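What follows is a set of structures to go through.
The following pair of complexes shares a single chain, chain A, combined with chain B in the former and chain C in the latter.
Moving on, here comes the complex of A and B:
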């Protein structure tokens, strides 16, 4: 039986200027799920995250959270409080009034988990964007967060750093089956890393489907101005130009699927 | 790196190993002692002390120069004010006379002293901030101000405020450089036109900086809240301050230097 990590019931929310964003919104996120929250700018993704995190107060409705929450924001620079990486990880422990003698071990373990063991004494200014995001992830993990929010956490990174961060999230999710990931993203390829995708438009959920199903629905993606995956675009270009003897099925949206289809078609 | 003030540069140096309280106390009293100096001998001792501190920090002098460069125009302005507004004590004191403008040797010496005091002060505070993480500075201040908590002063919050301010100085400085570059690329120039025009040019650079500062502060507040921050009073501290033998030795050396400065200053009088 699926255990819920977050249950939102009939949530309504309006901004201070009276503009309504959510009306009677309901959503359930299961423990261990990787959910991608998708939608155009202003659709309410980040506000929904802020409401769940308790940073905003709903006008009505309930948000039940049966987990410890952590969040990683877009710009890692804005999230640093500590002067060194270990100070940064210690910040949350200090707030939880953990005894100082217990902190070094917890910090060491977290640094290993995020692959930053060699940077304990480094200043955040000396780190690359990807390394800074790793530390931001570590800051949430050290507090035993069961639900990790990523608010466009890879959008400011170069392609290599982006890949390394998404791989790290994947590794953490694999290692801990109870870890719930809620990834707010505009990147179509990143959506495929998750199992489920929820599309928001003007504060309403317009799609809640398995990620693969959503990303295969090219008409829906075009209609709502959501991007296609790189492979999906490539497949449609190849099919248009008739460069191959036969058409590649449009359901092929990931590199893995394309490679497997190409290998099989050559047999 | 435009501004190194508030930036921590980790090195395996003697100064990096000192208790932050030792460095804070030395920095505080150094500024007072600097006001006592009144001869080339006393200034010489202070220059030697600062140079030795820089050497012990293992941070290249070039880095300190970078920090100084950003406030150089302010120092030059202060020197000019001293140079132009110090009246000559007598006719023999006048070095250059041109109409109403008279530059005296007293004015020249005063302007050099002002610049020297400024440089030494900046160098000493930079030595503290580059060798000590802002969180350790906060712990040090909090520990030094502990007696004041008995009269109801929230020293932990005060220390955390200082730590975060120090942390944000270089970030906002970098942000300002980006804004300046962005505005310059659109044709705004700080180097041409009258002083009034140049001052007006600063407005489109300062307003975005204030906006960015607010945005960053709000994100940081969210981050702190998510990570369980309620108030500074109830927090534990990762850094356990240890006053070691080396701290005592450094404090004794500084005390001897301080007394020698006071002695030589009065001996001259």
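Moving on, here comes the complex of A and C:
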């Protein structure tokens, strides 16, 4: 049976200036899901996350959370307070009133999990963007968070660091089947890492389906001005140049699929 | 030639290292009207380079010639202000440069600062907001209720409203959805065609490489490549920077060319099939 981690019922919310964003929004997120929250700038993705985290108050409706929440933001510097990486992690433990003698082991384990064992004594300022995001993930893990929110957490990173963070999230999700990932992203290729995609448009959920299904529905993506994967864009361009009988199916959305299609069709 | 760096060093004081170089003996020229991408890993000196260009910081030694005006370590604020009027700067985190109660106020403020009267400022602000794709129903909203991508557009509008000769952008596409990126690219292209010089620090090689005339790659405070993007990405890359996805894909199917846009890549793929 699916166990829910977050249940939102009839949520309504307006900004201070009266502008309404959500009206009667409902959404259920199951434990262990990797959900991408997708939508154009201003569609309400980050505000929905802030409501779930308790950083904003709904006008009406309920949000039930049966999990410990952790969040990683676009700019991790905004959330650091420790002088060193291990201080940063210890801070979370202190907040949980963990006995000091238990801390070193817990910190060591977390550093290993996030691949930062060599940086325990480094100042967060000296770390690269990707390393900072690793520490932010560690700060959530050490609090035993079982729902991790990522709000554009890879968008400031160079492509290599971005890939390493996505790989780390993938590894953590694999290790712990109960870990729920909610990833707010504009990167179409990142959406394919999750199983489920929820699309917001002006505060309304306009799609909630498997990530692969959403990303192959090119007409829907165009109509709602959502980005396509790199491969989808390439396939459309190639198809523009091809006769009807040689078109590549739009269900091909990953590099692997396209490579094997191109190889087979050339035989 | 419009801007020339002559043996510029920038040293910063660090608790750990006596004197750390952020930029080390940098010499280069920037020509009027160029569209330049500046790339490199975090900490390579890209942002320091932008800040020197905007005279937010001054060279520790060496000098920078801005259209005949020499700037060095001892240049007075009055001269810096004069140089700075030619620049529009969009920071990495736009929320740190916005402060007015509404979207329209924020862009107007930038125009008022340049001696426009209220009516002129308002007219210019509205024009540039329309151009950049901030719809009218958002103009009276608080900037701080906007999404990151929308905030960045407002910050860019504020930088463009005075039609600066030089536009400096730090990670301009980050946090922007694809369509917002397209709006941004259109407006950058438009200003480029009008003769503005644009210098963008960005990790978003996929988006910017097809547009720029020149790419400069930094590593540890030094320039390691400075050329047109096709030349730069035609060579096997080191660990400093990943080539655009189009180039990686071309390599994976054995193509020798360096397509920077998806259009070019599609052409190349069709060429081998014929």
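Definition applied: the second predicted complex is superposed on the first by the 255 of 267 C-alpha atoms of A that agree within 3 Å, B and C clash if a C-alpha of one lies under 4 Å from a C-alpha of the other, contacts with A are read in each partner's own complex, and residues count from 1 in each chain.
Please note the rule applied: a residue touches a chain if its C-beta (ideal position, glycine included) is under 8 Å from a C-beta of that chain, and two chains touch if they have at least 3 such contacts.
Worth saying up front: this structure is predicted, and the values here are computed from it rather than measured.
Undergrad: For the overlay on chain A, clash or fit between chain B and chain C?
TA: Verdict on chain A: clash between chain B and chain C.
Undergrad: Which partner does A:100 contact after superposing on A: first (chain B), second (chain C), both, neither?
TA: Touch status of A:100: first partner only.
Undergrad: Given the touch rule stated above, what does A:53 touch, chain B (first), chain C (second), both, or neither?
TA: It touches chain B, and chain C stays clear.
Undergrad: With both complexes superposed on chain A, which partner does A:262 reach: first (chain B), second (chain C), both or neither?
TA: Touch status of A:262: second partner only.
Undergrad: Under the stated touch criterion, which partner chain does A:90 make contact with: chain B (first), chain C (second), both, or neither?
TA: First partner only, chain B.
Undergrad: Figure out whether A:75 sits in contact with chain B (first) or chain C (second), or with both, or with neither.
TA: It touches chain B and chain C both.
Undergrad: Could you look at A:3 and tell me whether it touches chain B, chain C, both or neither (first, second, both, neither)?
TA: In the superposed model, A:3 contacts neither chain B nor chain C.
Undergrad: Taking the superposition on A as described, I'd like to know which of chain B and chain C A:128 touches: first, second, both or neither.
TA: A:128 sits against chain C, while chain B stays out of touch.
Undergrad: Once chain A of both complexes is superposed, is A:40 in touch with chain B (first), chain C (second), both, or neither?
TA: In the superposed model, A:40 contacts chain C only, not chain B.
Undergrad: I need the one stretch of chain C that runs into chain B once the two models are overlaid. Options are 20-28, 74-82 or 128-136.
TA: In the superposed model, chain C runs into chain B at 74-82.
Undergrad: Of all the chain A residues, which ones make contact with chain B and with chain C?
TA: Looking at chain A, the two contact sets intersect at 75, 126.
Undergrad: Which of the residues in chain A come into contact with chain C in the complex?
TA: 15-17, 19, 39-43, 45-46, 74-75, 126, 128-130, 152, 155-161, 186, 188, 225-228, 230, 233-234, 237-238, 240-242, 255, 259, 262, 265-266
Undergrad: For chain C, which residues are in contact with chain A within the complex?
TA: Per the touch definition, chain C meets chain A at residues 16, 41-43, 92-93, 141-142, 145-150, 171, 174-180, 203, 205-206, 239, 241-242, 245, 249, 252-253, 262-263, 265-267, 269-270, 272-273.
Undergrad: Can you tell me which positions in chain B touch chain A when the two form their complex?
TA: 1, 7-10, 133-136, 163-164, 166-167, 170-171, 215-216, 219-220, 222-230, 234-240
Undergrad: If you look only at chain A, which of its residues touch chain B in the complex?
TA: Per the stated touch rule, the residues are 50, 53-55, 69-71, 73, 75, 77-84, 86-87, 90-100, 103, 121-123, 125-126, 139-140, 143.
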